[in-house]
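Everything on this sheet refers to the single structure shown next.
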C-alpha cells in the first residue's frame, strides 16, 4: 500500500499529481481519466472526517494516515488535479462525501465503486424477477472461487469485508426485505487462475408456501469481463467531463456493485439510466 | 379434443356459451373470465382464414373443422358471448387476427399466450443482460424435464412444436441476433411429477473472443408457479374489461411467453408496462 | 454436553451404565448396541492419555475432565458395560487406542466414525475414478449448506474442525497426492431444514495438460440418508458381537468418513470388505 | 463409408490388408495394432450371418454389402491379417460372434467397444453407489452436448442409436432394475467444439420414500480424454498378443462402454480386472 510509504501524505499526493501531469504532457493528452484497479484494501471503516473536505484536508496536512486508505489518497490526488476519477475496486475511495465535495469544487466527474462484472451482475438481474413475481427469497447463498491476485487478496477476511458487503447489500435493496438470508463466500483456488467460478443457490417460497430452488453457475474470465467495462467507463467519464458534468455520474450505475449516490440496484433499471443519458445527449447534440 | 366431437362447430360453440351463461347465472356473477389452461395442442398451422373474422365465421357455418383448433373454438365462443378471454396454453387461439377483430366488435378484452412461469421467464430476464453487456451469446441450450400431464403431452413432438417455438423465439428477439444457436428440449420424466426441472447452458463470447459459460438449474413446482399468475391475470383482465378496454391487453405481456400484439420480450421492460398501467389507472382514479 | 455436568466423571459413567442396564432389563433384551448420534463436539485435541487405557482410567479416577470429550465418556461407559458401541458422530470417541484396548479386554465390538451419508460418500466414489484414469486432481472444492441442528452446530468453527478434517482427508488418501487443493465449507442455511445441499467442483488435469472440470450437486435429506445406515450398523454390530468378534469392525468401513483402524477410503473397495464379510459368514454357517 | 465404395468387399479387404502390410514394413514394425476411431455408423442391426464366420465369409464372397458395416469390414481385414484390433467407436464391429471365431482361428487379440471417456464413465462409477446404499434410482436423465465431428454425426438419430444404447444399458445392468427411467440425449452444439458437456440428473428414492436428487455436470475435452486411453489400449492389446492371448481381452473392460464378452459394468470392479491382469503378468514374469 502506498500508505506504508514513509513520506508524508501531502508529499505522496504531490508525487501522484506530478506523475499524472507528466503522463498527460508526454502523451499530449487533453484529459487523463484515473482508474483505481487495485485489489481490495483491508481498510473499511467510515470516519467523521470523511464527511467534510475541510476536515479531510486538515488530516492530510497533519499527516494523519489513520484516516486514509490508498483509494482515498488517489481519489484526492486525481480529483484535486482536475482528473476524472473512477473507482473500479472494492475499497473505500471517491464515494465519501468529502471527495464528492472536492469534485464539485474542482468541477470533476467521478464514479464508483466495485466493478459489477460477474456474479453480482447476475444477482442484480435475477433478484428483480423474484420481487416482480412475488416469490419470496428465503436464502441466497453465493460461493465464489477464483485463482488470480484478487482471489489471493480476498482470502484475507479483512480485505474481503468491503467486497462481501457490496456483493450482499444488493439483495436486501432489491428485494426490499431484511429477512433474506444472504451469504457470500469468496475462496482462493489457485488452479483456476483467472477463471472466476460462482455457484449461487436461491431458495424461494411460492404460492401455498411451496419451497423451490434456482441455482446458477458462472464460469467467467475475470479480466476479460472487467477490461471492456473499464475502457467504456473511461470513455463515458471523459464524455461527461467534456459535457461539463461534475460530481458522481449516476447514469454509470449499471457498471458498479455499489454505485455512488444511487439507490437503484436492479440492473435493468440502471441500464435504462444509461440509455436515457445517451438519448438526452443525442437530443441536445441535434438541437445544437 | 373438443373437435373430435361429432357435433357441428356451431352447435359446439352454442353449447359452450350456454355453459358460460348458466355458470354466470348460478353464481350470480357480473363477469365471467374464460381461461384456457389445457395442455398444448398438436394443431400449429396458421391459415389465411385465421386473418379475417368473416372468413372464419364462414368456415364455422360450413363446419370446416380443419381450420379450427380447440383453442380457437373456445376463444370464439367466449369472446362472442362477451367474456374476457385469456390463453394460458401454448396452443393457437386468441392471437389470430380474426379473433382480435371479433373482440373489438364485441368490446371484449383478451390476452395470451403461453404462461411464462419458469425457464422461459428466466431466459427473458437473463438474455437482456448479455445484450446490455455486449456479450455475444453463441449457444443457448435448454433441457426441460417434467412429469405432469403437460410433460406427457409435450413428449409428442407434434404437441411440443408450438411450445418450443415460444420458448426459443424470445432469444432471437431479445438478442437481436439470428445467429444464436438456440436449442430447446422437453422430456417427460414421470418420477418428477409436477417438479419441472430445467438445465440451461449459455455459451457466450466476451472481450478478445474469450469463450465463457453460464449455466442455471431451475427446480420449480409447475402448478404452484402457474396458479397465482392465473388468478392475477383473471383479476387484471376483469379490471381491463370494466375499464372499457377491449382487444389484446398489451400491459399483461410480462405473464406470457409469446404475448399477443407485443414485440417486447425483455421481462424487465414488460414489467414496466404493467407498472405504467397501474400508475395510469391510479392517476385517472384520483382525477375522477 | 454431559461434561458440563457438575458430577464427577466416575459418577457420570456409572449413571450411564445404570440407564443401559435398566433399558436392557425393561425391554428384555439380549444385547444393547449404543450409538453416538450427537452433533459434532468442539473437543478435537488428541492427548497422550488417549493412547493407554490405564492412563485414561487414572484420569477418570482423578476427575480430570480436560482429557474427555462426551464421546469418550459414552464410549467408555458403553464398552466397559459390555455394549457394542458405534460412533456415527464426527467427535473423538471410540477410535482412540485406550478405548480399543478396553474393548479388547471386555470382548466388545465397536466402530466409527462419522457416518458417510452424502457428499463425502460421493467423494470416495468419484476420487478413485480420477486416480484410475490418471487424471490429476488439482483442486476439489466442496461447499455444504444445511439447516438442521447439525448445520447450526457446524457453523461454529470449533465444532466443525473435526468434521472438516474427516471430509477432506479422504481425498489425499485416495489420490495419494498431497498437492491436491482440497477445501471444504459447511454453512448453516436455516431455510433448507434437513435438506443438505452440496456443490463440489473438481478441477483436474488430463492429457497434454488439458484442464477440465466436473461439478456435482447433491440434494439429500440428511436424516433419511442417515437413519437406514444407523439401523443397518446396529444390526451388523450386534451380529459381529454375537459372532464373538471384538475391537474395531473393519468390514463396516464403508459406512464411515473416517473408519477406525482402516486405511482404505475408496468406497467400492470398502464395500467389497463388507461383501467378503457376509460371504465368509455364510460359508462358516454352511459348514456348521 | 468404405461401403459406398464400388469395389467388391473382397477387393476392399485385400486393399486394407495391403496398406497394413506396407505400413508394417515401411516402419519396420513387429506388430500393428488396428484401432477403429471413426464416428458412429448408422448401421445397427444384428443379423444371423453375424453369428458364424463361415456364413459371414460367404456373404463377403457373394459381395452382400447389406450384411456389413465399415466396422465389420475393418475388423475382418485386420484380424484376418493377424493384427490385434480394437473398436473404440460405437459401431458394430469385432463384438459379433463371427469375428470372435475368426480371431480365435488366427490367434489374434481384440476388444471393444465404444471408449468410455466421460459421462458414461461417471455413470458406471456412480450407479454402483446407489445400488450399494439401496437407494432406488427412479430416473437417470443424461443430456450430452458437444460440437466436434462426433457431435455432428450423432445429431443424426440413425447414427446415434447404437451409441445411446451403449450409454443407457449400463444403468439397467448395474442397478439390476428394469424399472429405472433412463433417458439419454446427445445434441450437436457447434460453438462448444471439442468440449463435451454433460448434465445428468439422478432422481432417487431413499428411506421412507424420500425423493432426492443428485446432478452432475461434466465439462471434458473429448479428444484429450480419448487419446491417452487409445495409447494405453494399443500397448495393452499388443502386450496381450505377445503373451499369446487371443479373442476378446476381458481385462480391458474398464476402457469401454459396452465391453465385448463382459457383463460387469461397474467401473471399480472392471478396474480390478485390469489390476488382477497386471498382477498375474508380473507374477508369471517373476516365476520365469
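To keep things simple, chains are lettered A, B, C and D as they appear, and every chain counts its residues starting from 1.
FYI, contacts are C-beta pairs under 8 Å (C-beta built on N, C-alpha and C of every residue); 3 or more make two chains touch, one makes a residue touch a chain.
Computed from a predicted model, the values in this text were never measured in an experiment.
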- Message: Just to be sure I understand the contacts, which chains border both chain B and chain A?
- Response: none
- Greatest centre-to-centre gap (Cα means) from chain C is with chain B
- Item | Where chain A and chain D are represented by their mean Cα positions, the distance between them in whole Å | 54
- Note on the structure: Separation of the C-alpha centres, chain B versus chain D, in whole Å, is 46
- Query: Roughly how many whole angstrom separate the Cα centroids of chain C and chain D?
  - Reply: 40
- chain B touches at least 2 other chains through residues 213, 215, 217, 219
- Every touching chain pair, please? A-B, A-C, B-D, C-D
- Task: Name, in rising order, each residue of chain C that touches chain D in their complex.
- Result: 121-122, 125-126, 128-129, 132-134, 206-208, 210, 212-221, 224-225, 227-228, 254, 266-269, 271
- chain A residues touching chain C in their complex are 138-139, 141, 143, 145, 181, 183, 185, 187, 189-192, 197, 199, 201, 203, 211, 213, 215, 217, 219
